[in-house]
Amino acid sequence: MNPEPNKNNQKLVMGNEAVAMGAIAAGCDFFAGYPITPATEILEEMSKMLPPRGGVFLQMEDELSAIAAVIGAAWGGSISMTATSGPGFSLMQENLGYASITQTPCVVVDCQRGGPSTGLPKLASQGDVMQARFGSHGDRPTLVITASSVNDCYESTVFAFKMSQKHRMPVILLIDGVIGHIREPVELPPAPPPRKATFPKIDADSPRFGDAPFVPFGHGPVTVVTGLAHQSNGLAETQKGSHTEQMIRTTIENICRDPEIIDSWALKYQLDDADVAIVAYGITARSAREAADLLRADGIKAGLLDLKILWPFPNEILRELAGKVAAIIVPELNLGQMVLPLKAAVGGRVVVHSLNRADGTLLTPNDIAEFAAKQLNSIEERTHA
Amino acid sequence: MATIERDQVRIRLAGRGSQGIMLGGTILAEAAVIDGLMVAEIQEFGPEARLGAAKADLIISKGQIAFPVVHQADFLLCLSRPAYVRYSTTLSMNGLMIAEETLREEMGDSFRVTYIPFRAAALELGKELYSNIIGLGALAALSNAVTKESLQNAVRARVETETLTENLAALDIGYELGYKQVPQQIGSRWANAAR
Amino acid sequence: MTSLTIRIGDQIPIRIGTETEVRYEQNGASLTIRRIYCKSCLLCIEACPMNILRLDQDDLIQVTEIGKCIFCGACAGRCPDFVFVLAPEKGEK
Amino acid sequence: MPKLGLNIDKYLRTQVLPTVWCPGCGNGNIVEGLATAFSRMEVDPTRVVVVGGIGCSGRTPFYVQTNAMHTTHGRALAYATGLKMAQPDLTVVVTAGDGDALAIGGNHFIHAARRNIDLTVLLYNNGIYGMTGGQRGPTTPFGSRTTTSLAGNIERTFDTVEIAMAAGATYVARTTTFDMQEIPLRIQEAMAHPGFAVVEILTQCPTYYGSLNQLGDASDMLIWQRDLTDGVPVKMLNREELLGPLRTGVFRNEKVTEFTQAYSDLCSQVGGNYGHN
Amino acid sequence: MPKLGLNIDKYLRTQVLPTVWCPGCGNGNIVEGLATAFSRMEVDPTRVVVVGGIGCSGRTPFYVQTNAMHTTHGRALAYATGLKMAQPDLTVVVTAGDGDALAIGGNHFIHAARRNIDLTVLLYNNGIYGMTGGQRGPTTPFGSRTTTSLAGNIERTFDTVEIAMAAGATYVARTTTFDMQEIPLRIQEAMAHPGFAVVEILTQCPTYYGSLNQLGDASDMLIWQRDLTDGVPVKMLNREELLGPLRTGVFRNEKVTEFTQAYSDLCSQVGGNYGHN
Amino acid sequence: MNPEPNKNNQKLVMGNEAVAMGAIAAGCDFFAGYPITPATEILEEMSKMLPPRGGVFLQMEDELSAIAAVIGAAWGGSISMTATSGPGFSLMQENLGYASITQTPCVVVDCQRGGPSTGLPKLASQGDVMQARFGSHGDRPTLVITASSVNDCYESTVFAFKMSQKHRMPVILLIDGVIGHIREPVELPPAPPPRKATFPKIDADSPRFGDAPFVPFGHGPVTVVTGLAHQSNGLAETQKGSHTEQMIRTTIENICRDPEIIDSWALKYQLDDADVAIVAYGITARSAREAADLLRADGIKAGLLDLKILWPFPNEILRELAGKVAAIIVPELNLGQMVLPLKAAVGGRVVVHSLNRADGTLLTPNDIAEFAAKQLNSIEERTHA
Amino acid sequence: MTSLTIRIGDQIPIRIGTETEVRYEQNGASLTIRRIYCKSCLLCIEACPMNILRLDQDDLIQVTEIGKCIFCGACAGRCPDFVFVLAPEKGEK
Amino acid sequence: MATIERDQVRIRLAGRGSQGIMLGGTILAEAAVIDGLMVAEIQEFGPEARLGAAKADLIISKGQIAFPVVHQADFLLCLSRPAYVRYSTTLSMNGLMIAEETLREEMGDSFRVTYIPFRAAALELGKELYSNIIGLGALAALSNAVTKESLQNAVRARVETETLTENLAALDIGYELGYKQVPQQIGSRWANAAR
């Protein structure tokens, strides 16, 4: 059922549909994927939207080949994407590393479900947030963007494509089955006409990797691409991976100081005078926002730091926050994942309380507010003692 | 913990897969959008979606919807026996169940339930498939969550042209059936819940 | 689960709507209909040579005229949901 | 078929019924065929493991009252290979859908066949991904509509029988849920066969494949299956017609050294004693 | 073959020679055959991508002076599928070993064949894992010694040609590094073929396969290859003999709708314009 | 070449060989694997050792099937193992989650190489230490053991099997290409005679999961195993994963308070009076030990905390250490991985300096000592300022 | 890389051990031996009909008697390592 | 940074794959074990191991070996030209290269290199393959890293019976050839390095 416009120019759109629409808006002209709950609608939408635009839709034999085809297509000059959920995301880890080491722009959507393994296919989860950073062997630069509304799904997808091209890296969009399946009214611009990506002109002697621009096959001189450590000309270095280490370090630095990323890192809600900060992301940030209201209604000055980019982790923002509040509450739909870099960042400057749930059920505003109130009480008790 | 008046209604539509529950959810959400309200709708998906009771959940609100999922429904429309059995526990403390009349005998009366003969009315219109739209009409009358005009417009936007007349008639019938229950069922609890 | 056993030839109750399992017996043979498993797919209805199966208002399968049943097993054979169990006269093997 | 005189309930995990499958889905008939085969062969349920992958068919192990292993998508045959090698006197039956066995699991399918390890594979072929809601698969007939091929499937179709035989399966058969009497017979043959045995069973998916391709209800789809397979010789892979005819029956039934036996021989050769429990 | 009159150096990345391969390895002859085919066809190196996987053969892309993509183990065909679909007027050649293409990559092999996408696959078959030091693979002949089958391989052997044909490849050929004149001819045919084309090339691994099986040096192994393939009809999969005979030649060369073409037609049908750059 | 005994009863054994010998000593009777540098020797050794013992050696078609076969074999009653390196370890992540959710005892060896992707196959790396914990989607209990000598390889393998059975979980042994390929003299007991594993007797109604003992197929009543969330009887729970969440939490608690694990967590070297602690693991711990000596020779009181078990992370030990030293130095052959949980654990009580290298080259004792000295000087400079 | 060009018929240097590339010319045709690529596999030695190839003490290939060479290309055909390049009389194409 | 006297010798053996370098490393390590010394040995492995120069690295020590890898060798045995070219930069500042005599002309003399005619001596014994054992003998004589007796025992344990006599002879020859160089090459630098 296609969303229809109404008099308010608002369309009722499902999160997964908004991801697909965002991709099209960002110029995505290649999608390869494999069906998996709860991400399947992205695949289905792309199968409808791409052929009439002359773009490529491929349903591959598995997720291993889906990500491989996406990387291949990027080197064929396409703006490419895949979408999956936990089990498929696990299968993609090896080739995600390939995309990183070859500095290939592409977007991978993980619409999370309960894990591990087959787990809870249609239930809510934020169980893949550490995997999104550390799921591949070896170190790779990671940029992981999340979304907590249908509108976010669209905008985060557009942003993901933009960043993937700017920093020539795979960018991960991490949503979950609830955000992926909620329909909310949104006002989205019409899809732009199909356009082919353009690339800079380079010479045969120009570097291909490192700080060099991304130029795919057939759009310039002969190029060598390898998943081995390599020099900036693409040729392998098998005795010492200095160039590759440097490339990875540089990309990490670049994304950490990109103003577009810094500006998008996190949203602050009622933090100015807050005594307690809830740090949340994705679907849980919505509960957390309401929880902050509930706490304030109870006289507790609570605020929310809503993380929009999970990786690189916004260490500075957290360090600053730690200097201002008495406690940080970290609600997550997992057994405690983002709380780890958070604790590392705040370095003991503030007490951090983790609220976790991994049974597929959402944390409600009440769950979070009550937990926060209880933790604050126990802090006060300790202070009085 | 404090509670905050949110000016929002949490609705669950449930029934057999064949009863058009999903479409019903979409039409109701669309109507809310036409009314200029905020809405978050989520339908059953994924493995096992097709077995047992189909459901569509909506939150319709005047303000931003933070927590977008229905755990406890203010209004629970149940068109089938399995839906009743499965979801009756998800009715909120102050909520109202709107159930298929034929379930009254087995389930019994309660101040929390109003029974409406959706099936009979739909069959009278020609097809059991109209139950969903009749249900929407009744729900709208009882909840006041969306306006009748918007619901009509949403039906126009979402159902196929060949069956539009019947569906609009179904909406009217449902509205009437629901409205008849208002004096009994609607006290201060929902009268101004959403509007 | 509520269960009802009916000996064919006896007076048959008019309403069996809320029974989840119905067992018909005749000369020691039996046909058990585990209505709780029924998904309303209609395969048995189309398979029944005597045309005596239909869905009730809960969309569960029921026999309209058990007296006409020839215990052929067509319903059981086509049903993908283990609703029908036929036992022979000598009882279960 | 009538279950007269055969108590297949003993081989059904009735407490978890009804099955998860849609109304009219043929998968239940295959489970019935499997339970019937177990019943006729009077297997000891503690000595049987039914291994499933992910997808509609993958849920089969839950419904038969034997040991059950519900694994990951595509990997059922790899799990089963380890299991069978670990305890070769277990009877191991693998249930997998066309997507599970031939898309994501295609590699394990051809390699298990190559090894000729003593597994019985029931390949449920409904031509579509059911569990995720109706996407194209490797056996979706050319031209068919699915939610990822709404304008008609442009990809060519695997012939399971051809692939299985080329890879080295030593028992290969095909039947349909229309031919419901055949299902337990083929399963019995496959289980009795010492080696890698594949029984492909065409089964109807009225919810997705049927409705997207206007094939009517489950009953209509049974007739369609009958016509689809009506005595026409098996076609080679290149068929690009919609709904091309497929032959049913037993295509291969050969005795070739079975893998656990070969392994046992290897161990003996180097002084090891394999296969005891 | 003598390179008289043909400057294949233009198609070689000479700055990275010598190759990584062991003394006497036949892979260099295949690279030579590929460069010869490029040279004869006068391809534009910027319009060609050679895609390799992991393993000895996977290094091929480094040595031919065209675009090169050295991918991950087993996935070369999946990368190549995305690449070809993205830019269908590129010429894409995939080089993969028996382990890469038929063990870990077996699934992508059969699915790329099923789709009949216009890729040329050079399948280097040396019957063993070379890069990791001589382990058993899916084409290791029955009975052969490897570092993981020192008492003789008990696993049955894939016949690449059978698998490729069953899966739907539309050009299928086999040759050997003994028949070195044939290599560029087959590659030229395969590249000219609009569809999925497989050229299996038996190549000697004197370091591991040869030495573990006492087949002598590289020269001796060429003679062994000649004898192995000497005009005997192709065998079905079930051969369990050591070193059974294998026929060489072209087994299939059929025109069937190619996948990028089918996709282009699909786009046209729904108003899209596919395939421009 | 088989190691020969000499008059000292010391055998010259390669790390990878010692892993295989440890597995045999632990009763391993099933190995499935796939060749990959630098782990291949484990596969080769097992292919030699198992058939004469009647155990199963399988070379599978890929790493996906290797781990699957290992889990299948465990459920067939085998004591089972696989071994791989980064790329294969990435491919195993999905099914590693299956082993966790089904509480399947088995051992997975990751002999690390430089990453990401194909990376630096034969060079040194510790790039998979976070992946070993977070590589799968969803949360799972993890026990990750490492080794820094040939003798360790043997003993850690034995310990890994023991723990995998005790806590019925997959245990990861994380070594690296250098440790895997070094030969050192060791004195190892002879391989025990082959024995079949035994399992407790249970009733049909006994629980199969949670705290229940592991009883494979064919060794007791009919059992249901699934990768879906499930109850203790094995039947799936798809609407709410409470039982599975509880099972995971319990296993995590159990391993965190198991005295055998606590005792093995870390080795302390010259820490009693240390002002600076080097925290290291694996091959780097060897350099670090020599670095501590070098620092002491220069008058700096340095010590080493040599982590033997990486996950669960020894938070308490680190917290205690943080109270005693002025600085912690964390040298790693990656871009900074274990330093993250370490910082989270010490919570700002002490300054933490990360020394990282990911080009395939080892950190030498001098590298570490010089870095430590430099950091200490700069601390002093700050103190004087 | 050190290179040496020898016109056949001229005095041939006794030692070419350290040269990585040697080029023999005759009547405009040439045989170039890129010894730097040689891996000592012996394939060319066994292929040479004139038996004039052997390994030097660094195990790199060399021609013992270039005067006997018939420019048949057998060495180039069998060499997997691009050591031998034969150019025809008219020069490269 | 301070340095610590470790009482250990770092040795690299390098040559063509066909020269038995790997076996040489194993025998040397075994000899050290027989001497009751600590040893860590690592041979080239993995992709590309077979191309170019083969090598085996050893650290032989009286005490525990912390850092087990040879970055800079105290003794570098080079049996082939490619090995010389590739590894000469890995000789430590005070290290000694022991190289094949035929390389002298090209590479030139240096106080850091001693040339020994391994190839000629091996061919005299019958096969170039004996170069490795001759090399070990020379290395042992020059480095004093292991005793000759242990090296002989290690050869007995590791080479095939058919060639044992020749290999033991090779060891003697190597020992002699190495010993001859001692007056020139051995100063205070290594005399007591390991023993």
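For reference, chains read A, B, C, D, E, F, G and H in written order, and residue numbers begin at 1 within each chain.
Following the convention adopted for this analysis, a contact is a pair of C-beta atoms (placed from the backbone, for glycine too) under 8 Å apart; a residue touches a chain by one contact, two chains touch by 3 or more.
Being a predicted model, the structure only gives us computed values, none of them experimental.
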Contacts shared by chain A with chain G include exactly E
Interface with more contacting C-beta pairs, comparing E-F to D-F: D-F
Cα centroid separation, chain C vs chain G, in Å, comes to 91
Which integer distance in Å separates the CA centroid of chain B from that of chain G? 89
Centroid distance [mean C-alpha coordinates] between chain H and chain D, Å: 62
So what's the Cα centroid distance for chain B and chain D, whole Å? 42
What parts of chain A, by residue number, touch at least two of the other chains? 37, 51, 61-62, 64, 87, 94-95, 98, 117-118, 121-122, 226-228, 238
Going through chain G residue by residue, note those that touch at least 2 other chains and give them in order. 39-40
Multi-partner residues in chain H (2 or more other chains touched) are 45-49, 51
Show me the residue ranges of chain D that touch chain A in the complex, using the header's touch definition. 54, 70, 72-74, 99, 103-104, 106, 129, 131-133, 135-136, 138, 147-151
Which stretch or stretches of chain A touch chain E in the complex? 30, 32, 50-56, 58, 60-62, 64-66, 68-78, 80, 94-95, 98, 194, 196, 216-218, 220-228, 234-236
Residue ranges of chain F in contact with chain H within the complex: 1, 4, 6-8, 10, 12, 37-38, 121-122, 177-178, 181-185, 283, 286-287, 289-290, 293-294, 297-298, 362, 364-366, 369-370, 373
Within their complex, chain D touches chain E through residues 103-107, 110-111, 114-116, 138, 151-152, 154-159, 162-163, 165-168, 237-238, 240, 254, 256-257, 259, 262-263, 265-266, 269-270
Given the complex with chain B, which residues does chain C contribute to the contact? 18, 39-40, 57-59
